[in-house]
Amino acid sequence: MSVVKPYDKLRKDLSARDRSLREKVVALEDVASFVRDGDSVGIGGSTMSRTPMALIWALIRARRKSLSCSRCIISSDGDLLFGSGASDHVITSWFSQGILWGVSKVMRHHVETGKARFEEWSHLAIGMRFRAGAMGVPFMPIRPMLGSDVLAQRPEAKEIDCPFTGEKLLLVPALNPDVALIHVQRCDPYGNAQIDGLQFMDIDLAMAANKVILTTERIVSNDQIRRAPDQTKIPFFAVDAIVEVPYGSAPHECYGVYEPMMKHMEHYVELVNKDPVGGMKEYLDKYVFAPKSWAEFLDLIGLEEVLTASRAGKSIYDA
Amino acid sequence: MTHKSDYTAAELLAILSARQLKDGMVVFAGVGIPLLAATLAQRLHCPGLTILFEGGVIGAFVEPGKLPPSTNDQRCTVRANMVLGSAEVLLLLQRGYVDVGFMGGAQIDQYGNLNSSFIGDPKKPKTRLPGTGGGNDIASLTNMIVAMKHEKRRFVENVDFITSPGWIKGNDTRRKSGLPAGGMFRVVTELAVFGFDEKTRRMKPLALNLGVSRAQVQENTGFPLEFDSDIGVTEPPTEQELSTLRVLDPERLYIA
Amino acid sequence: MTHKSDYTAAELLAILSARQLKDGMVVFAGVGIPLLAATLAQRLHCPGLTILFEGGVIGAFVEPGKLPPSTNDQRCTVRANMVLGSAEVLLLLQRGYVDVGFMGGAQIDQYGNLNSSFIGDPKKPKTRLPGTGGGNDIASLTNMIVAMKHEKRRFVENVDFITSPGWIKGNDTRRKSGLPAGGMFRVVTELAVFGFDEKTRRMKPLALNLGVSRAQVQENTGFPLEFDSDIGVTEPPTEQELSTLRVLDPERLYIA
Amino acid sequence: MSVVKPYDKLRKDLSARDRSLREKVVALEDVASFVRDGDSVGIGGSTMSRTPMALIWALIRARRKSLSCSRCIISSDGDLLFGSGASDHVITSWFSQGILWGVSKVMRHHVETGKARFEEWSHLAIGMRFRAGAMGVPFMPIRPMLGSDVLAQRPEAKEIDCPFTGEKLLLVPALNPDVALIHVQRCDPYGNAQIDGLQFMDIDLAMAANKVILTTERIVSNDQIRRAPDQTKIPFFAVDAIVEVPYGSAPHECYGVYEPMMKHMEHYVELVNKDPVGGMKEYLDKYVFAPKSWAEFLDLIGLEEVLTASRAGKSIYDA
């Protein structure tokens, strides 16, 4: 079976969405109702940057399972998704906790024991899969992956001879996730979202998905959005739910707002790499299931670390 | 003149790789030694070096002591000329705007193919590694410099898995695979600097580092090397190179 | 109640087309009557109507008396939710985010195909017209409303040239051509409002405008029409519709 | 022969360009030396917006000829290119002076007499041709044009059955112009360019072309660019020459700076549509060849009209 949604189905699914100008603000505990077990879930940001951590945290707390998750580069969020059982399939170009800590023992444990799949594509291939999905076409042509064993593992892609030049090319299939999870610096109650700095693949991901859940550092008025419409990166009609979650990427970073909370990250890595099962359970129990709210989770990270990360995050504008 | 005991292997790697860069170049740098070496070059002989990062950055000047933990972090954007999407920055490679791709490597073979995906059989791997990231894209699309530690288990005849293609199986196999542009250009290690034969595309020592013998290089390499009789020796790091490097990485994140 | 002498044909066109739009819709509007009618709808029954313009605009509120001379002018961006590239806004149609495309037309045929490219043989045209612009894209990708003047030379059996496809040759020829989504939905003229037969996809009068006879419609149409025996009559423009419309276009650029 | 440059050639041409960080500011009279007779020339902006008018004016004054010009939507700039003999081939989706004035008599005269070619593609097709060129791939897949006579006229495009879904798709060939002419609100002396508001297809065009000439309302410091790097739209290494030309789009508009100079446009249209040959000659003589400088041309448009257009242009930020 092709991994690509036929155009008829793609259009039918989209036309069934309520794309009207309406307020969509919900509470963090409500977002799990937008995601079903087994859904394909696209994750915004990259590595430790603008990761929609609060959304992933909320899905794990709601005991979602069998999610097929795609992200350009996945880090400790991928660990948590595998370790909690929320996901058993990750589509990405790179999967570890971060370059500083070597190979993730959590990823290794799940993949090497066959509990979960890590489906590898080149970074550009992931981008072009989202882009094809965003554009409403079944594929995009690229050149990377040709000649490599990365391609040998990916029967989903098709090698062709270019009908114009005769050159070899690779067609990568469109990826249209059921749901996209994206964290932004600000958006209005309708979902018009502005993203400062690094965009990663979030715009294509948002347009490709059949449902978009946004967390935002803050909700601003529609008037503020309309004052600088060329700063809007995701249009409201692509968005289905919005949650205002300050520090919604913690312990990862959010451009111009906070840097990663490295002490917490190091604590996390030490815990899970020592024991990818028991350490993970300990982390999840303490930091995901026990807190009553996201604010309580932040409190467990610790005020001092949150403030340090905030000061460093804003320093980007000093240089 | 500095002596071998004055610097670490990682410092030597960073400095020798920095010297491969020329002012005015557009270089796509991976995290770790490449990022550090490119930033070092910028502060020494290449004030007009344009550094690209995978996260979507053109022309940044990373701040001393504020090395980013990945090339997708906001620290990569400091004083950049442009911040753009990560697919967009990778497409610059495909279009051809980039002179050099500059990466680290975990395992390399005689044709410059890199493996960062699997140790053992990919179907039932002994170790699942983190994967390609942008490595496959960079290696497929531009001229590559790789900086890596020289160990026999890392310099193998054929990699278990080609994550990032070098010259594939040598000769014109890269071009025939659909990759007519770019290819592995230099490999820099703490023992020597390597190029690739114009025809066979096999790895070839170009210069030994100070105090390193041919036998030592061969011993640490899992495939036979051919040494030119008049093979040169690289200049050891200068005091200026070392001190500038140490200012950039005061916590010795990458140069320990 | 208004009388026929109280409004121009263009005003009637704008008002009848505005009524086709529903609150909450996402509508892609061409310049002229469509832009005007969509803006009118926004100020009457559709405060939450999202208007897209080809220049790269989502959700603008055009200012009264400041009608843009094209849909690529900065006046189209006033109080918009988003300004983006023009390819990007057209791709929204391909992806399926748009409910209705709304255009003017120069020549239309029984299957709702539009010609804005050539009069006469394209190889040696009597008249070279300006061409498709976004018309072909919009008509190919979404449900279409067309507002146009009703003249026999404009309502022809088969257009000289299909610039913007309607139902092509009727039945399932559109889908078979590779266009499974969208299609011509409504044609609004100063004489009547038309739809298309679900099966044959031929144009079909749905309602006559006040004071217009079937014979008059048929006389001004270059192909035979089938009128239902119980065909209705459109409500004439209200005072409120007319006055709001005239505030929007005080210089009567498009409603003269 | 395929219209697509083979990848080898594309890469070789690009690697021959000096992409180093260097100042590139030249005088308006020097830009013609960057364009050869017969070149393919991509034109930025759309219709009457951000048209690189000063550059076109300079090329006409330098008597360039046989240019093959591409633009998403072309207006009076297309007239001038045909009427002056600078171009005999226009690739576009729409060609007239502007919707207000009906069909351009200049375009009609040149096309109907066979003096020049007007090659028509759908608007999206033009965009995707530039995009393929920008991405370094030979084609992009689209759905429009299928089933239409626009496609019947374009053997350069190829209809295929999708290898993933079996659906019909159209592949449009990459367009990599020899030169792109683009007008922006500001850039630095290296060519890092910021474009406010409507972007049209300028980013793809710039990345696709083998040479880019920018005019800019003003040159700013590299420091200013580096303060907001996420506002840069064209990177310096894609740019080959820069000219500071205030009102460089006159009599067309430049977003946020000035609206079109409509009295001059009406004067122009009246002149050339009355007599597409004699009226054009009169216009060119008076407004293109006679002025000693771009400032003198602006003076002929008239200070009052320029000021009116400026006031209206800035009013976009009042709403």
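In this document, chain identifiers A, B, C and D correspond to the written order of the chains, with residue numbering beginning at 1 in each.
As a convention for this text, a contact is a pair of C-beta atoms (placed from the backbone, for glycine too) under 8 Å apart; a residue touches a chain by one contact, two chains touch by 3 or more.
Note that the structure is predicted; figures quoted are calculated from it, not measured.
Enquirer: Chains shared as neighbours by chain B and chain D?
Expert: A
Enquirer: Taking each chain's centre as the mean of its CA atoms, which one is farthest from the centre of chain B?
Expert: C
Enquirer: Once you find the CA centre of chain A and the CA centre of chain B, what distance in Å lies between them?
Expert: 29
Enquirer: When the C-alpha atoms of chain A and chain D are each averaged to a single point, how far apart are the two points in Å?
Expert: Inter-chain centre distance comes to 38 Å.
Enquirer: In whole angstrom, how far does the Cα centroid of chain A sit from the Cα centroid of chain C?
Expert: Computed from C-alpha means, the inter-chain centre distance equals 40 Å.
Enquirer: What parts of chain C, by residue number, touch at least two of the other chains?
Expert: Where chain C meets two or more other chains at a single residue, that happens at 57, 77, 79, 83-84, 91, 94, 180.
Enquirer: In chain A, what residues contact two or more other chains?
Expert: 7, 136-137, 142-143, 167, 169, 197-199, 230
Enquirer: Quick one: label the inter-chain contact graph as line, ring, star, complete or other.
Expert: It is other, because the touches fit no line, ring, star or complete pattern.
Enquirer: Could you list each pair of chains that touch one another?
Expert: A-B, A-C, A-D, B-D, C-D
Enquirer: State the interface residues of chain B toward chain D in the complex, per the touch definition above.
Expert: These residues of chain B touch chain D: 23-26, 48, 50, 57-59, 77, 79-84, 91-92, 94-97, 99, 180-181.
Enquirer: Can you list the residues on chain A that touch chain B in the complex?
Expert: Against chain B, chain A makes touches at 46-49, 72-73, 92-96, 98-100, 103-104, 107-108, 111-112, 118, 120-125, 127-128, 130-131, 142-150, 153, 159, 167-170, 197-201, 203-204, 253, 255-256, 259-260, 262, 313, 316, 319.
Enquirer: If you look only at chain D, which of its residues touch chain B in the complex?
Expert: 7-8, 10-11, 14-15, 18-22, 134-137, 190, 192, 207, 222, 225-226, 229-230, 232, 235-238
Enquirer: Show me the residue ranges of chain C that touch chain D in the complex, using the header's touch definition.
Expert: 31-32, 54-57, 63, 69-70, 72-75, 77-79, 83-87, 90-91, 94, 117, 122, 125-137, 140-141, 161-165, 168, 173-174, 177-180, 253
Enquirer: Across the complex, what residues on chain D touch chain A?
Expert: 2-4, 6-7, 136-143, 158, 160, 162-165, 167, 169, 171, 173-174, 196-199, 230
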